[in-house]
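First subunit A sits with subunit B, and in the next complex the same chain sits with subunit C.
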Partner chain A sequence: MDQLLQHLANAVIVGGTYALLGIGLTLIFGIMRIVNFTHGELYAFGGYMMYFFAVVLGMNFYMSIAFAICAGMLLGAAIEFLLLRSKRGADIDTTMLIMIGAWIVLQNTEHLAWGSIAKSIDSPFAIEPVTMGPISLSRIRIFVLIVAVALIVATYVLINRTKLGKAMRATFQDSSTAALMGINTSAIYTITFGLGSALAAAAGALLGPVFVVTPTMGDLASLKAFAIVILGGLGNITGAVFGGFILAFVEEMGASYISSGYRDAMGFLIIIVVLLFRPTGLFARSERVG
Partner chain B sequence: MLEIKNLVCRYGKVTALKGISLKVPANSLVVLVGANGAGKSTTLRAISGLVPAASGSIRFNGEEISGRTASRILSLGIAHCPEGRRVFGQMTVLENLEVGCYLRKDAALIRQDIDHIFGLFPRLAERRKQVAGTLSGGEQQMLAIGRAMMSRPKLIMFDEPSLGLAPNIVSQTFDIIRGIRDSGTTVLMVEQNAFAALDMCNYAYLLEAGSMALEGPGERLINDPHVREAYLGAGLAHA
Partner chain C sequence: MNRFLPLIVLAFFVSVPLWLTDQYYLHTLVVCGIFMLAAMSLNLLLGYTGQLSLGHVAFFGIGAYVSALTSLGFSVSIFGYQITHDPWPPVVGVVLGGAVAGLCGYLIGKLAFRVRGAYFVIVTVSFAEVIRLISLNWIELTNGPLALPGIPPLTLGFEPIGYLTLWDKAANFYVVLTFIVVTYIIIKRLIDSPYGRAMIALRENETLATSVGISVTRYLVLAAVFAGTIAGVSGTLYAHYIQIIDPAIFMFLNTVTMVIMVITGGKGTLAGPVVGGLIFGIAPVILRKYVGPEVQWILYGSLMILIVFVLPEGIVPAIERWFGRASAKNSELALEPGKGARS
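Coming up: the complex of A and B.
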């Protein structure tokens, strides 16, 4: 029982960052219909920017996180502006190929810029864990969860309660009618891609100090983000949050009670099951985003 | 108020408009009738900036607007209520109206205008928190009209406002459109229901295969043998 509680707590902690990754990806797909293969690279980019600001420049830890998120947003907006803007209305296959190309370029640039040796980032948190009854959790992981949840709530409020969010939802539902309402849909696309990328970079910046930063860390993150988004239903933000926690839970349980070697495989196992029985995702509605 | 001269629009290699000209005087209700694919919707889409003009000019109150962005054209005072209503189905009635005044910044007046729309369409007021996709066709049409009015346009364009609506709702919709004209907003309307449209308008244009075939006051078109034959169903005792 104690062990189960510990595993549940671990799943919640990991789930927060998974949800963050998933929301970013689902937002981009839901609003822009772009299968974003660079999502994992934005995650890795967030990790490297964290390393750059906190270690190379020696900046304050918390400030570094904020800067890394902003850098991710700028890179995402630049990708959209340079690679996707002129291809608006193009076939989904075309944009998919562009994004695969961008993914390869970004990953190799990371290799070139930082080398292939893993980078570690020190955190200001004490090593000894917080113990609550049978559960013990590392301080930095609790911090990561809190920030992740705060970012998820902020995204939710932005989409559902602000004028910009209204314009984003209108653009997603019917972009030409949204344009008739005076919404600058091109700008909405750039902002959406920037926002989704910022969330991926946030996950990377938060987990960089927990693990290490490597040029290939984005690959698994990408795969998991897709898994989360498929679980929750493409374009469904609430679904992505649940998808993130479900994936974390299944991985944790699978790793603990079946075999730890299968941790990363567990997620894909449930995707296969979900796709077989609910191909539109667990939380699918007929429409998306929101 | 609106003046189009020799407007040409192309979709790829297909020429949808082959140099049309039309005028919409202030405070009038002008209709554009014609068969499917004649270019009626394209004309409206070109005016509101959704379709680029290959050549020709579109002037609004003397200002050239072809080539301008949709949001610029809207802010000059041209609203477009699109074909098929196109309400934002996952957003509430209130949110749809708020998106309709996306460019406006005068919060107090916006409140007032929303109340005005709800006064005009009490059914919408009852359903203000309901998502628009669950409204009936007629209610969605009211919402689409209300949404277009939220930008406080000088000219409002309706594309097939009667499409897919029950007959009693159609006449109600036309009453509302007449009311909009009577309250001082100029109207340009595209309509397949040619008889009703010609009957209510001040002036009409007949578009055939991308060219203007005929123009004149509504009555004259109603009594034109060609129009009667092709669009009104000759032999029906309409007039």
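Coming up: the complex of A and C.
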């Protein structure tokens, strides 16, 4: 029982960052109809920017996270502006091919720029864990969970409570009518992509100090983000949050009670099972944002 | 001209081992041919049925592993039963590898074609990733990350004639070339048949095709079985030629290589994957002298983006249109619109 509680706590901790990755991807798909293969690379980029600001420049830990998130947002906006703006309205396969190309370019640029040796980032948190009854958790991971939840809530408020969020939802529902109502839909697309990328970079910047930063860290992150988003239904933000926690829970249980080697396979098995029985995701109302 | 072009190209490639004595270049061509074969099978899905399958490397790898294990033998225990398999000749492995990959094509096709677009792509990627993780973790069978070394090369021949083991590169070159020619003819026959026309109809307008009575899943699954089998056979050739395989064979980048070959050459054309395969099979040899592997991949990625922007149909349709225009001018014969764009 104690062991089970510990596993549950671990799942919640990991689920926070998974949810962060998932909502970034689902937002981009929901509003722009683009399967973003660069999502994992932006996650890795966030990790590297964290390394750059915190270790190379020696900046404050918390400031570095903020800067890394901003850098991710700028890179995302640049990708949208350069590669996707002129392909608006193209079919989904065309943009997918562009994003795969961009993914390869980004990953190998990271290889070239930082080398293939993993980088580690020191955190200002004490190493000894916090113990609550039978559960013990490391301090940095609790910090990561708190920031992740704060960012998820902020995104939720942004989309549901602000004028910009209203414009994003309107663009999602009917982009031509939204444009007729005076919404600059091109700007909305760039902002959406930047926001989704910022969330991916945030996940990378938060997990960088927990694990290490490597050029290939984005591959698995991309694939897991796909699994999370499929679980929740493409374009469904609430679904992605639940999807993140469900995936973390299944992985944790699978790894501890079945086989740790297949931890990463759980997500894909979930995808296959979900699509077999509920092709539109577990939380399908209809595909929508918000 | 158009009739004889494939024969001229074929004659050229038959002559290659006679004058190309550099073993390294010959090796490059053999590997290039194997990937070209896989790209031709991917083209069936990507080009003719219009389904962007990004799990193609799974069929390739399954073929390679099945054939390697058939010819090496193995001993595993499943649910307490010990299953031991003694080594069989590599030729049997090639047949079995193709068959098992085709069966996987059937199963995954039945599953994945329930969904379309983004969902389909993600299912195919997941499928390949699950297979990669199995090959990495089922150490008793696959030897995991330690690889399967010492796979015997292909042996051809019959009892009264004698046997020929394909140790040298020229012999392997001819085997791969034969497979490419046979596959080319099979795919051409398939596309020219009512089955092929049904597939193309599905690509062009699925709703319309369904309304005239074309069973969507049936034809898509059929394409997946053909594609899986051919990719599986190319994987078996790879295993017996390289003689060592490990789970890295399932890398997503290998799928990307096949996709780049198809879209650069021209998806939905017979010659497209051949042209694209040659370009991307030979490019590394030239690039290797100047740049490292990272820069090479950056160039591939950039080229992929560039092709989508500048030449979305690929090289072959562009050349065909160019020649078509030239000959139409000469003979003052108007071409039917769209003819020759996809053959």
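As a working rule, the second predicted complex is superposed on the first by the 289 of 290 C-alpha atoms of A that agree within 3 Å, B and C clash if a C-alpha of one lies under 4 Å from a C-alpha of the other, contacts with A are read in each partner's own complex, and residues count from 1 in each chain.
Simple rule for what comes next: a contact is a pair of C-beta atoms (placed from the backbone, for glycine too) under 8 Å apart; a residue touches a chain by one contact, two chains touch by 3 or more.
On a predicted model such as this, the values are computed, not experimentally measured, just so you know.
Novice: Kindly say whether there is room for both subunit B and subunit C on subunit A in the superposition, answering fit or clash.
Specialist: Once both complexes are aligned on subunit A, subunit B and subunit C fit side by side.
Novice: Mind working out whether A:Phe283 is in touch with subunit B, subunit C, both or neither, as first, second, both or neither?
Specialist: So A:Phe283 meets neither subunit B nor subunit C here.
Novice: So if I put the vertex at the Cα centre of subunit A, how wide is the angle out to the Cα centres of subunit B and subunit C? Nearest 10 degrees is fine.
Specialist: Taking the centre of subunit A as apex, the angle works out to 90 degrees.
Novice: Classify the contacts of A:Leu180 with the two partner chains as first (subunit B alone), second (subunit C alone), both, or neither.
Specialist: first
Novice: Of subunit B and subunit C, which one contacts the greater number of residues in subunit A?
Specialist: Per-residue touch count on subunit A favours C.
Novice: Is A:Ala170 touching anything from subunit B or subunit C once the two structures are fitted on A? First, second, both or neither.
Specialist: Touch status of A:Ala170: first partner only.
Novice: One more residue to check, A:Asn108. First (subunit B), second (subunit C), both or neither?
Specialist: It touches subunit C, and subunit B stays clear.
Novice: Which partner chains sit in contact with A:Met96 here, subunit B, subunit C, both or neither? Use first/second/both/neither.
Specialist: Second partner only, subunit C.
Novice: Quote the smallest CA-to-CA distance from subunit B to subunit C in the superposed model, rounded to whole Å.
Specialist: Least C-alpha distance: 14 Å.
Novice: Write out the stretch or stretches of subunit C touching subunit A in their complex.
Specialist: 50, 52, 111-112, 114-115, 117-119, 121-123, 125-127, 129-130, 133-134, 136-137, 252-253, 256, 259, 263, 292, 294-295, 297-298, 300-305, 308-309, 312
Novice: Would you tell me which residues of subunit B are touching subunit A in their complex?
Specialist: Per the stated touch rule, the residues are 48-50, 69-71, 74-75, 79-80, 82, 86, 88-91, 95, 98-100, 102-103, 133, 147, 151.
Novice: Which residues, counting only subunit A, touch subunit C once they are in their complex?
Specialist: Residues 29, 35, 83, 86-87, 92-94, 96-98, 100-105, 107-109, 111-112, 219, 223, 226-227, 230, 234, 259, 261-262, 264-265, 267-269, 271-272, 275-276, 279 of subunit A touch subunit C in their complex.
Novice: What does subunit A use to touch subunit B in their complex?
Specialist: So the residues of subunit A in touch with subunit B come to 163, 166-167, 169-170, 173-174, 176-184, 287, 289-290.
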